[in-house]
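See structure below.
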Amino acid sequence: MFEYKPFIRKANYYETDQMAIVHHSNYIRWMEEARVDLMDQIGFPLSRLEAEGIVIPVLMVEAEYKSMVKFDETVVIKITTEKYDGIRLYLNYEISNKETGQLRTLCKSGHCFLNDKGRPISLKKVCPEIHEKFVDTLELLK
Amino acid sequence: MFEYKPFIRKANYYETDQMAIVHHSNYIRWMEEARVDLMDQIGFPLSRLEAEGIVIPVLMVEAEYKSMVKFDETVVIKITTEKYDGIRLYLNYEISNKETGQLRTLCKSGHCFLNDKGRPISLKKVCPEIHEKFVDTLELLK
Amino acid sequence: MFEYKPFIRKANYYETDQMAIVHHSNYIRWMEEARVDLMDQIGFPLSRLEAEGIVIPVLMVEAEYKSMVKFDETVVIKITTEKYDGIRLYLNYEISNKETGQLRTLCKSGHCFLNDKGRPISLKKVCPEIHEKFVDTLELLK
Amino acid sequence: MFEYKPFIRKANYYETDQMAIVHHSNYIRWMEEARVDLMDQIGFPLSRLEAEGIVIPVLMVEAEYKSMVKFDETVVIKITTEKYDGIRLYLNYEISNKETGQLRTLCKSGHCFLNDKGRPISLKKVCPEIHEKFVDTLELLK
């Protein structure tokens, strides 16, 4: 059975700004790293999907900054599923300090699925295999 | 009287990703550029505020992607005020193509004000001069 | 006759790091901005070249940091041609403070030309029109 | 005895550009990641040095691009010492594909050491403990 492991990463020096904290824009990139890692864990790496002509663009993002990440800090990024219906996918991200568990940022991203012509598709109809896997695994992340 | 000029900038090559569009994280940075420019226009450059010990951290951001920006495209970023009460500041951003006016992204950012000890302050109490200017100019951006 | 105008830009907040200076990696991106701008000035925008199937990848970069750029500082990036022979292009960049003229960074980039199959081409043979223009204008930047 | 482990990391989606390869500026950042990791391995994390008032700015960088890194590719970044004399530090970086060993990029960075007043220092004189460790470990990376 699928067992999700939250994504772990360190804050890089080049990600800090002159407030001596990680610049707020980087969390949007960290979300993507955690999402790519989730797809790897599910068994449908983004690179494989793109090779098959399926792109998963970002429709929206949100981030709520609770406390600041500093250089060299290790954070855990835990994804949970808000919604997946075969056409839209909404994920929540909880970014926290690995040592203390202190909450850093709450994020959210929304996605649809496009074919190689850039047309929105129903993953449920076009790729039932991936869809089933998504339903199974994303259900566990609720 | 204050007359706001929306911020204009071109999409850089290094801001594209392998979908051949501007990577979605960059809009969060563009918001900041437009915000910094707004502060310049108001007459309180961020660098001056920071020199006076006032920092304006980001509490939250949101972005809703409506259509994609391509390399070399020129966009207009227009800021409007959602709320300003001396303690919190919420801004809306409308990013659109300069030629066609087509809407690209709707964004939002929320801020508070910190003193040089990192403590939240009421700009209204601590810096009435800036506060008054903010009230006057941000009112015009509603 | 072609008259080259050096590229001017401000340092963004998100480009600073916790040393409170622009992170050294960003100058590599600024080089690209200045190069793209040069191509626009010459009359062969990169976007047009890419549309015609010609890509100008980067073979090498160098940067020597002389003094630091701070947030909100305006810099002038002046390009000069080191070498252009139709197959390879080497450019030098001098980044300096706009107000004082103080030198910030000396950079260099090297390029070749690829067709839409990713094969190196001689611009001289494949696109004599662009080549002639390059020879004329780049000569002036020596 | 100190045994150096080269730094390993994956290419992120947001690091690609519209040529569908990692943008060349990112290798400059990867160098930093590998350098920070080296300092951790040596036992003098950059964050500890900065806490003690020692900053290691970048004087120069060079990168020679041999072949392209794609999204999701895992690279190995191996550092070797070119020179260390207590005042200046020059490092070489070999970035290669983890699976095939194919060379991707050759890089170099040069550094000096500053105290908390921003003055250049001789690490040999000011921090003999760190200096000795550097001599010992960097010697092994030749």
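A, B, C and D label the chains in the order they appear, each numbered from 1.
By our rule, a contact is a pair of C-beta atoms (placed from the backbone, for glycine too) under 8 Å apart; a residue touches a chain by one contact, two chains touch by 3 or more.
Predicted, not measured: the structure shown is a model, and the values here were computed from it.
**Student:** If over half the contact pairs have to be identical by residue number, which pair among C-D, A-D or B-D is the repeat of B-C?
**Tutor:** Of the listed pairs C-D, A-D or B-D, the one copying the B-C interface is A-D.
**Student:** More C-beta contacts across A-B or across A-C?
**Tutor:** Per the contact counts, A-B leads.
**Student:** Would you mind pulling out the distance in Å between where the CA atoms of chain A average out and where those of chain D do?
**Tutor:** Chain A and chain D have C-alpha centres separated by 29 Å.
**Student:** Distance-wise, how many Å sit between the C-alpha centres of chain A and chain C, to the nearest whole number?
**Tutor:** The mean C-alpha positions of chain A and chain C differ by 35 Å.
**Student:** CA centre of chain A versus CA centre of chain B: separation in Å?
**Tutor:** Here chain A and chain B have centroids separated by 25 Å.
**Student:** Out of chain C, which residues touch more than one other chain, so two or more?
**Tutor:** 13-14, 18-19, 25, 29, 32, 71
**Student:** Work through the pairs of chains, note which ones touch, and then classify the graph as line, ring, star, complete or other.
**Tutor:** Looks like everything touches everything, fully connected.
**Student:** Touching chain B in the complex: which residues of chain D?
**Tutor:** Those residues of chain D that touch chain B are 13-14, 16-21, 23, 25, 71.
**Student:** In the complex formed with chain A, which residues of chain B make contact?
**Tutor:** 18-19, 24-26, 28-29, 32, 50, 55, 57-65
**Student:** Taking the complex as given, what residues does chain A use to touch chain D?
**Tutor:** Interface residues on the chain A side: 12-14, 29, 32-33, 36, 45-47, 70-72.
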